[in-house]
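Take a look at the structures below.
Two complexes follow with chain A in common, the first pairing it with chain B and the second with chain C.
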Partner chain A sequence: MDIISKESLNRWLTDLMARYQVMAPVLVEGDHLFRPISSPDEIAWDYYNAVVPPKELIFPLTESLFTLEYQNGVPQFQEPVIDRDTVIVGLRPCDARAIAMLDASFLNDPVDTPYARRRALVTLVGWTCVSPEAPCFCTSIGGAPNGTEGLDVLMTEGIDGFFVRPVTEKGKALLTGAELKQTDATPPEPPPLPVFSTEGITEKLPDVFLSPYWQEQVESCISCKICTFLCPTCYCFDVRDRRDGESIERLRCWDSCQGAHFSRIAGGYNPRATKTARWKQFFYHKYLYYPERFGGVIACVGCARCVRKCPVNIDIREVIRDLKEGLPV
Partner chain B sequence: MTVNITEQIQEKAREILSSGQVELIIGYQRASDGVTARPAFIRKAENVAKLIFDQTCTHNLAKYAIEHRGKSMAIVAKACDTFGINVLIQENQIIREKTYVIGVNCPGVVEVSFGQVGDKLQYRCQICQEHAPAVYDYVAGDPVEEKPLGFDPYIKVKVLEALSQEERIAFWEKHFERCIRCYACRNACPQCYCTECVVEQIDPDWVGIPIQVPEKQIFHVIRAFHLAGRCIGCNECERSCPVGIPLSLMNMKFSQDVEDQFGYKPGRDPEVCAPLATYQPDENLGIGG
Partner chain C sequence: MTMWQFETELADVTQRTPSIKSFRFPVRAKGVRYRSGQFFFITILIDGQEADHHFSFSSSPTEKGFIEFTKRLTGSPFSQALGKLQPGAWARIKGPFGSFVLPRNPQKLSFMGGGIGITPLRSMIRYSLDRRLPHDIVLIYGNPNVEETAFREELEAIKGLPGPSVRIEHVLSGPGIPDGWKGRTGFMNSQLVAEVMPDYMDRLHYISGPPKMVAAIKEQMEALGCPLGRIKVDSFTGYD
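Our next item is the complex of A and B:
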């Protein structure tokens, strides 16, 4: 296996910055977030995970789809230019796996053009999780702290530097020029996480849709959007036009099934008028609807952001446990 | 001897549920991390053993009273939470007669996050000078001695006020840059109860959907204005914020202004409405003749 010293890694990153936009976890007012960096010194090497997942770099919170502007009475149509080669450094394997899940949704027919453009320009260099935190459950749901799905390169921190594992051809190409050294040593194994079974959850869900359990479980929900916005696999958006004088811009922005008006339709009817219906949508989308469409894969990577950040402690792991035990019908 | 607040709450809850006086107890239970607290909704006397109270009970449960309005319910409320209940009574959002308040003489709550209990009181509790509930049907816990603070409770606001306008704009833009418009601040707030928030209205589309600094600024400033003289300082907005925006600074600034100009603190007296939410025909607005 190859290994790169911290100094060489810094040199490689500095070199990349000349050709790519490099995004990495940085400390912003006490929280870790992915931001463009201009020096490796800005990287929060010892970070645990970013509060907002790196999906925001490929599927931005707000993006312009096009603008229409009248010039001398003639409407001019303009699409935004997406041409910046980007390297995302330091994302965790759970978040890379989540990007692979977003790919399934955005890159399948019909292809989502802005997503596809951004995605093609991005190379993902992940870091193995060396100290996953308490509520994490990637290993219970098909992932691993050193998983490679979705990544182009996986790096694992060791005593003498970072073990480097190219995963794709794109990753191999990115490493050209990096001062790699052959080593007989093997990367350290990540510490084990408590594992619970999620097997059979998808199959159980159709029968318990009307269970009184859901209302009881989410009675404390305040219908904020934290669980969905911080979820690396959530991808709902809203589209609206913004007019400014003679110019109109069509925007696409993150939206969330937890918002009270998300499902409201013309005429005012809201098929998901209660928070129970809305939270159930969040869970069912990940554990039933997505697997039904995309080869049985559960759209949850166990990053536990929803667990950690829910203001009222609605814990998806409890729901999985209760489902395994069987819900009242 | 100090009383056991948890036992007092459980006993009272059992009594009023068994007698049929209330159909629902909104209190606290242990969270899934085993160390912090989360809201609990108890409807049967045999479940009251779930209820707890300790210094991790940070949530302002008055929030839930609104969605259960009309039901006979009991709410476990710390001193500041009772101010929130009073505001809701003033504003006709809940019915006093149907709301049994299990007040708590509050020792203050500590900083909490998932799986973590801090050893420091939350800042709002460090500056708290009213530990006894303002409205209650029963009080749990021993009275907490009110000690002089020894420092200005608005010191953080004054530090910010001392900056130039440009510096203050830069301060807030820096923080709003990371806001994701998740509305956790608004939805955790017992005083934010509009059925349709102005920033989410579609027709007319006042603010729009962009998650960008101007829209975020408008949202936070509108919310602060709407809370002026109504915010009771529970600071659940700031605690709920996933990206740590210091919303308390904005709310404290407005509270200080209302206190200075009207000598008013919200929620202390259920009969007296917030100055900015009241109009009297004979009042001098300083306009016209």
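Our next item is the complex of A and C:
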């Protein structure tokens, strides 16, 4: 296996910055977030995970889809330019796996053009989660703290440097020029996480759709939507037009199925008018609808952001355990 | 990390040394999470009145179902009340607080603990061992004598366990240094640190103990050239 010293890694990153936009975890007012960096010194090497998942770098919180501007009475159509090669450094394997899931949604027919353009320009360099801790549960749901799905390169930090594992050809190409050294040493194994089984969850869900359990589970929910905004696999969005004089800009922004009006349709009817119906949608989409469509893959990577940040302690792991034990019908 | 607060009752008291006791409280509430090295506030009843105090967790988050703090009982009213506390006594606990915590990536670490200042360091060592984190830890642990060295047996027992590399250097200041003591004597200082860990410039330093000791060592480590950003401190106010 190859290893790169911290000093050599810094030199490689500095070299990349001349050719790419490099995004990495940095400390912003007490929180870790992915931001463009101009020096490796800005990187928060000692970080757990970003509060906002790096999906925001490929599927921005708000983005312009196009602008229509009237010039002498003639509408001029303009699309934003997306041409910046970007390297995302330091994302965790769970978040890379989530990006692979977003790919399945956005890159399948019909292809989402802005997403596809950004995604093609991005190379993902992940860092093994060397100290994962509860409530993380990636290992219960098909992932691993040193998993490579979705990544182009995986790096694992040891005391003497980073062990480097290219995953794709794109990743190999990116490493050209990096001062790698061969080593007989092996990367540190991530500590084990508590594992619980999620097997059979998808199959159980259709039979318990009307269970009173769902209402009890979300009684304390205050519909703050943090679970969906911070979820690396959630991708609901809204589209709005902003008028400025003779110009109209069409914007796409993240939305949440936990919003009271998210599902309201023309005429005012709201098929998910209750908190219970909305939260059930959140869970069923991840654990039934997405797997049905994409080969059985559950659209949850166990990052536990929803568990950590829920202000009323709703815990998706408990729902999984309860489902395994059997819900009242 | 999300704040929490819950009511509980004292479950166990463990005599660690003649003057140091550990107090253990069951945790039944959901979402009680903390990082090793952090601290919390506890409220107990003294003569029917609520009184609170902050303590470092001496337990590790990997030790499930309870939290524990460890205190050298002094003559303060709170210490006196703690000394009389019986299992079943009511308490309210709120936390977690503090940034005296382990780095998330594997590193060379130096722990310098004076007396009861061992508690957050014990929590971090226990956590690193239980999670098999690949840190390289050197602990310099200062006490007056062997009898007053809290967690001595536990620290001795970790030698050779898988996971982090942990080297422990005891320093006794007396009185009561046993005849035939082959370890180090005197007080902790930067000269001792440089002898024990010549690679001190590569290490992330954690200093924990009485305020005067913490301030003195911190100043000396700075004088040795350690950048302030590589020194974390935890002052145990109320101890000389």
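Just so we're on the same page, the second predicted complex is superposed on the first by the 329 of 329 C-alpha atoms of A that agree within 3 Å, B and C clash if a C-alpha of one lies under 4 Å from a C-alpha of the other, contacts with A are read in each partner's own complex, and residues count from 1 in each chain.
In the analysis below, a residue touches a chain if its C-beta (ideal position, glycine included) is under 8 Å from a C-beta of that chain, and two chains touch if they have at least 3 such contacts.
Being a predicted model, the structure only gives us computed values, none of them experimental.
In the model built by aligning both structures on chain A, chain B clashes with chain C.
Of the two partner chains placed by superposition, chain B and chain C are both touched by A:315. Once the two complexes are overlaid on the shared chain, A:189 sits against chain C while remaining clear of chain B.
Legend: residue contacts after superposition of the two complexes on their common chain; A:158 is shown touching chain C, with no touch to chain B. Put chain B and chain C next to each other and count what each touches on chain A; the higher total goes to B. Looking at the shared chain after the overlay, A:61 reaches chain B, while chain C stays out of its contact range. Applying the stated contact rule after C-alpha superposition, one finds that A:135 touches each of chain B and chain C.
Of the two partner chains placed by superposition, A:2 touches none, neither chain B nor chain C.
By the document's definition of touching, of the two partners only chain C reaches A:48; chain B does not.
In the superposition on chain A, A:222 makes contact with chain B only, not with chain C. The superposed model built on chain A shows that, among 116-124, 224-232 or 278-286, the segment of chain B colliding with chain C is 116-124.
Counting contacts as defined above, chain A residues 133-135, 308-309, 311, 313, 315 meet chain B in one complex and chain C in the other.
The residues of chain A lying in touch with chain B in their complex are 28-31, 33, 51-52, 61-62, 133-135, 216, 219-220, 222-226, 229-230, 238, 240, 242, 251, 253-256, 259, 261, 307-309, 311-313, 315, 317-318. Against chain A, the residues of chain C that register as touching in their complex are 1-2, 30-31, 33, 61, 102-108, 131-134, 136.
Considering their complex, residues 45-48, 130-131, 133-135, 157-159, 188-189, 191, 308-309, 311, 313, 315 of chain A touch chain C. Those residues of chain B lying in contact with chain A across their complex are 31-33, 36, 38-39, 41, 59, 63-64, 113-115, 174-175, 178, 180-184, 186-188, 196, 200, 202, 205, 208-212, 236, 239-240, 242-244.
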